[in-house]
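In the two assemblies presented below, subunit A is common to both, partnered first by subunit B and then by subunit C.
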Partner chain A sequence: MVERSPFLRILAHAILIVGVLVVAFPLYVTFVASTQTAEEILQAPMSMVPGSHLIENYTAALKGTGMGAASNAPVGRMMMVSLITALVIAVGKIAISLLSAFAIVYFRFPFRMFFFWAIFVTLKLPVEVRIGPTYQVVSDLGMLNTYAGLTIPLIASATATFLFRQFFLTVPDELVEAARMDGAGPLRFFKDVLVPLSTTSIAALFVIQFIYGWNQYLWPLLVTTNETMYPVVIGIKRMISGGDAATDWNIVMATAVLAMVPPAMVVMLMQRWFVKGLVDTEK
Partner chain B sequence: MASIELKDVVKHYGSGKTAVKVIHGVSAAIADGEFIVIVGPSGCGKSTLLRMVAGLEEITSGDISIGARVVNDLEPAERDIAMVFQNYALYPHMSVFDNMAYGLKIAKVPLDEIKTRVDKAAKILELGQLLDRKPRQLSGGQRQRVAMGRAIVRQPQVFLFDEPLSNLDAKLRAQTRLEIQKLHRELGITSLFVTHDQVEAMTLAQRMMVMNAGVMEQFGTPEEVYHRPASTFVASFIGSPPMNLLSAAPGARAGSIMGIRPEHLDIGSTGWELKVETVELLGAERLVYCRMGDETLIVRTDEQHTAPKPDSIIHVAPREDRVHWFDAATGKRLP
Partner chain C sequence: MLLAPQVTVIAIFFFWPAAQALLQSFQQSDAFGLSTEWVGLKNFTNLMHDPTYLASFKITAIFSVLVAGLGIGLSLVLAVFADRVIKGTLVYRTLLIWPYAVAPAVAGVLWLFMFAPSIGIVSFALRSLGFEWNSLLNSNHAMTLIVVAAVWKQISYNFLFFLAGLQSIPKSLVEAAAIDGAGPWRRFWSIQFPLLSPTTFFLFVINMVYAFFDTFAIVDAATEGGPGRDTAILVYKVYYDGFKALDLGGSAAQSVVLMFIVIVLTVIQFRFVEKKVQY
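Here is the complex of A and B:
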């Protein structure tokens, strides 16, 4: 701010505080609800003070020993499924995008620009648009209720390819030539020079893609019918019973909190590289 | 160590009717251990020529041989050469040691051999304390030395330098020039050095190639190039201030151009009548810009000589034995 009037400063802080409250309050309610019993939650108004059933509720959620009418799958297992899915999607996306960007930037082959644009155009085609045919393919290949079915259709990534392409274009040509002088073949150059130079971009993408993979909802909802293959996001949905049956809201809330922890951890632990990857590159 | 031979080397960019010819058949023989400078204005094809020797550009036609072996179709790494790039092209994520050792590691040189060679090069270039640093922690001059170190450790047959001094400040450039000379004396490796700076060319070269628009105008020792320029281009490109080129000098033959260097014109009481336009003092000497009819001339005089006043008339006598003649149509030197 150019002006340093006290009023503007108070106003700015007030807006920020309100913003934080708006974001944080639902999280707080979720947490409070996850420490109460199902009956306590249903009282109106609900108590805003954390209850005494924290450990009880979380063990129940993790082990799947809740009393709810709907799904009672153990959340521990779901977290595992989510973790594996998110990791495979993030790592797979990064690996494939690195390689395809490498091909597009450093090799001359027929229809190079066509392939580039073909990849680029798929940016406009998210999973939801192609969900029918993709489901058909995955189902025909017998990949329903498998990790392959959960991850492979989500791995191809135009965004990441495009990002790496832009990064590779900024790598000076002289570096490529120096590597050729040193006798490094294309893959050697890729492994020894390009990948190490891209580490910050890779870290930033990992964060984005891990959360993308973790938060997948529609696709896992379609391809998983078996409780042992539910990712945690789907698990929450399945715990909420429809109709008049009672829902263990305390367990649902505990699950929701658990589901939030890994992405939050990834963001916090990788924050430094994440920001670095988005704002600067080591050249 | 090896000789280099260029035979009718031609380079086109593109093909068919839209092809752009950038090198028009250059032939030259470079002896083992020579230090050759390729000099010319920007866009004359000097870097392209060097990159063709390096194997970074394809040769459209002609042959390039290194040590009696035609290398036209060899990869850069197989040509037994090393190159120092203008922007040094150091690997930013590797330490100085790894930068120098990378080529050797790929060539599967044993680790202790790599260490000996890198240490030796680091000693020559005074990089000993910097081996663990990353390139971004080095100054421009240090990076430049690492780039040279990377070339030295490979023990190549030929060194190629692509304007390696152009990113250094003036003082460092002069110093590095001396270091390169010393290095060449010590190692005696055949070197090709590209520059657009004639001072670098004159001071470093054992022989120099003067290029203009894809044509090699002259190939000779700095003395030859300076004292017997092969064309009006060489005459005006080499030497500062450039040679005076007069098409209507008194006593000139028809269809020819007279060339005379500013330092070979003596101010006296006889000779050509010139009108003084401006005078510049460069410390030890003075440049007098004059006009004779439609043509401008530069006369170089000693600083102790009294400065002529602008708009005054001076008399200047050319030293007859220092006058050059060029063909007006082709620009080539007349015998």
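Here is the complex of A and C:
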């Protein structure tokens, strides 16, 4: 920073701390609620000190032995479903979009721009818009309540292709020429030059797509009708469908914490890649 | 050849359904799908005369402008100050980015819990201040609830982009301005803010899309479109009419309208981003 002004520095810290507190407050409330009994939460106002039922609540949530009026499916199973879905979506998306971005940027073929636009239009058209017919297609293919049904339709969007295209466009032509001089064919160039160069983008996309997959809501809500295939995000919604007092808020909140931890860990641990990749793909 | 996997997937799960939606939007079928009847543009004219649909348009517009405006404003403030801080930027960043990882539905549930009329602690605090909060009955309160939840979730995303944008502004520019006697306030408005405008524009589009579509889960978890239909944004209405009310033709027509809006937005943004804005 250019000037040294203690006032501005304190102001900056103060505002940031307020921001952090406001952002973190819901998490704290959730955590506190997940350590209390249902009765303790129902006394308004609930106490702001963590209670003593942490282990009880979390095991109840994981094993599905809660006493709630609505759904009691075990969260452990849901976590597995979420994890598999998120991983398949992330890996699948990265793989197919690396290939197609490579094709679009480095090859001249008929209808190249047509394909580009065809893919690009899907970029901003989320599943939500075409739920009805997509649902029909999936059920006609017999993919309801399967991992294929949960993941493949979500792979069919173009975010990643577009980001890779932007990145490939910035790769200097000299590299392509040098590779050709050295006798490398297109696939060799792809494998030995492009993929290593895009590691950062791949890592960043992995983080983003993992979270995207984990947090899907509307689509799993339609495709899964069987409790054993619920991702955890849907599970939470099912638990609160009984109204304020009938809901086991302690179990719900324990589940919420469980549902938040894996993606939050991914973001925090891969923060460097995440941020760097986001910024790089932006330029 | 290399395009084959992606083209197959988008053809089956994207263009085919989109074509179906287009087709269905001209048809009317009964609730069991036993008979379909070609009705031409009737579904669309019905929509245009349907007061709840127009109301839903208005709700969506208010909602997305609020979410985009508040989200961008707040995160810009945070990012500007985080950029000023010399020590601890990383700590603040870590503490601010995690809501990005929270599922919208979970965010909806969290805020619902905090604002629940009888047990939520925020509604308790408001009540002790003499403000009667009930998001189940008062539609303004319900709207506030989903806006707050949506903004809370989006702040970290905007924050990251602003911070990155600020840090990519060459220090020499800022220093030159400081030597010329420009204070922090002046420097922000005449150097940093204009140089951030591509980021801001980009974020604005992203936030609009976010508010249009990704907030479905927040709405469904927090208010279920209620009270009445007062927080039923367009996507929620597509879902509700298609899957709960089983009006497939009407729902498909709404999908088509949404698709159209999105395509127009995309083309405009693409032209604009590629030509006028330099990243």
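In this text, the second predicted complex is superposed on the first by the 263 of 283 C-alpha atoms of A that agree within 3 Å, B and C clash if a C-alpha of one lies under 4 Å from a C-alpha of the other, contacts with A are read in each partner's own complex, and residues count from 1 in each chain.
Note that in this section a contact is a pair of C-beta atoms (placed from the backbone, for glycine too) under 8 Å apart; a residue touches a chain by one contact, two chains touch by 3 or more.
The shown structure was predicted, so the numbers you read here are calculated from the model rather than taken from an experiment.
After superposition onto subunit A, partners subunit B and subunit C are found to sit side by side with no clash.
When both complexes are overlaid on chain A, the residue A:180 reaches subunit B alone and has no touch with subunit C.
By the touch criterion defined above, A:172 reaches subunit B but does not reach subunit C. Of the two partner chains placed by superposition, A:191 touches none, neither subunit B nor subunit C. Of the two partners subunit B and subunit C, more subunit A residues are in touch with C.
Superposition on the common chain places the nearest Cα atoms of subunit B and subunit C 21 Å from each other.
Shared interface residues of subunit A, touching subunit B in one complex and subunit C in the other, are 282-283.
Residue ranges on subunit A touching subunit C, taken from their complex, read 1-3, 5, 8-9, 11-13, 15-16, 19-20, 23-24, 26-27, 29-30, 33, 41-42, 44-46, 48, 95-97, 99-100, 102-104, 107, 115, 118-126, 128-134, 136-138, 152-153, 155-158, 161, 211, 214-215, 217-218, 221-222, 233-234, 236-237, 240, 244-245, 249, 252-253, 256, 259-260, 263-264, 266-268, 271, 274-275, 278-279, 282-283. Those residues of subunit A whose C-beta lies close enough to touch subunit B in the complex are 172, 174-175, 177-184, 188, 192-193, 196-197, 282-283.
Interface of subunit B with subunit A (complex): residues 54-56, 75-78, 81-83, 85-93, 102-103, 106-107, 136, 150.
Those residues of subunit C that touch subunit A in the complex are listed here as 1-3, 5-7, 9-10, 12-21, 24, 74, 77-78, 81-82, 84-86, 88, 92-107, 109-114, 116-121, 124-125, 152, 155-156, 160-161, 164, 168, 174-175, 178, 184, 199, 202, 209, 213-214, 216-217, 220-221, 235, 238-239, 242-243, 248, 251-252, 255, 258-259, 262-263, 265-266, 269-270, 279.
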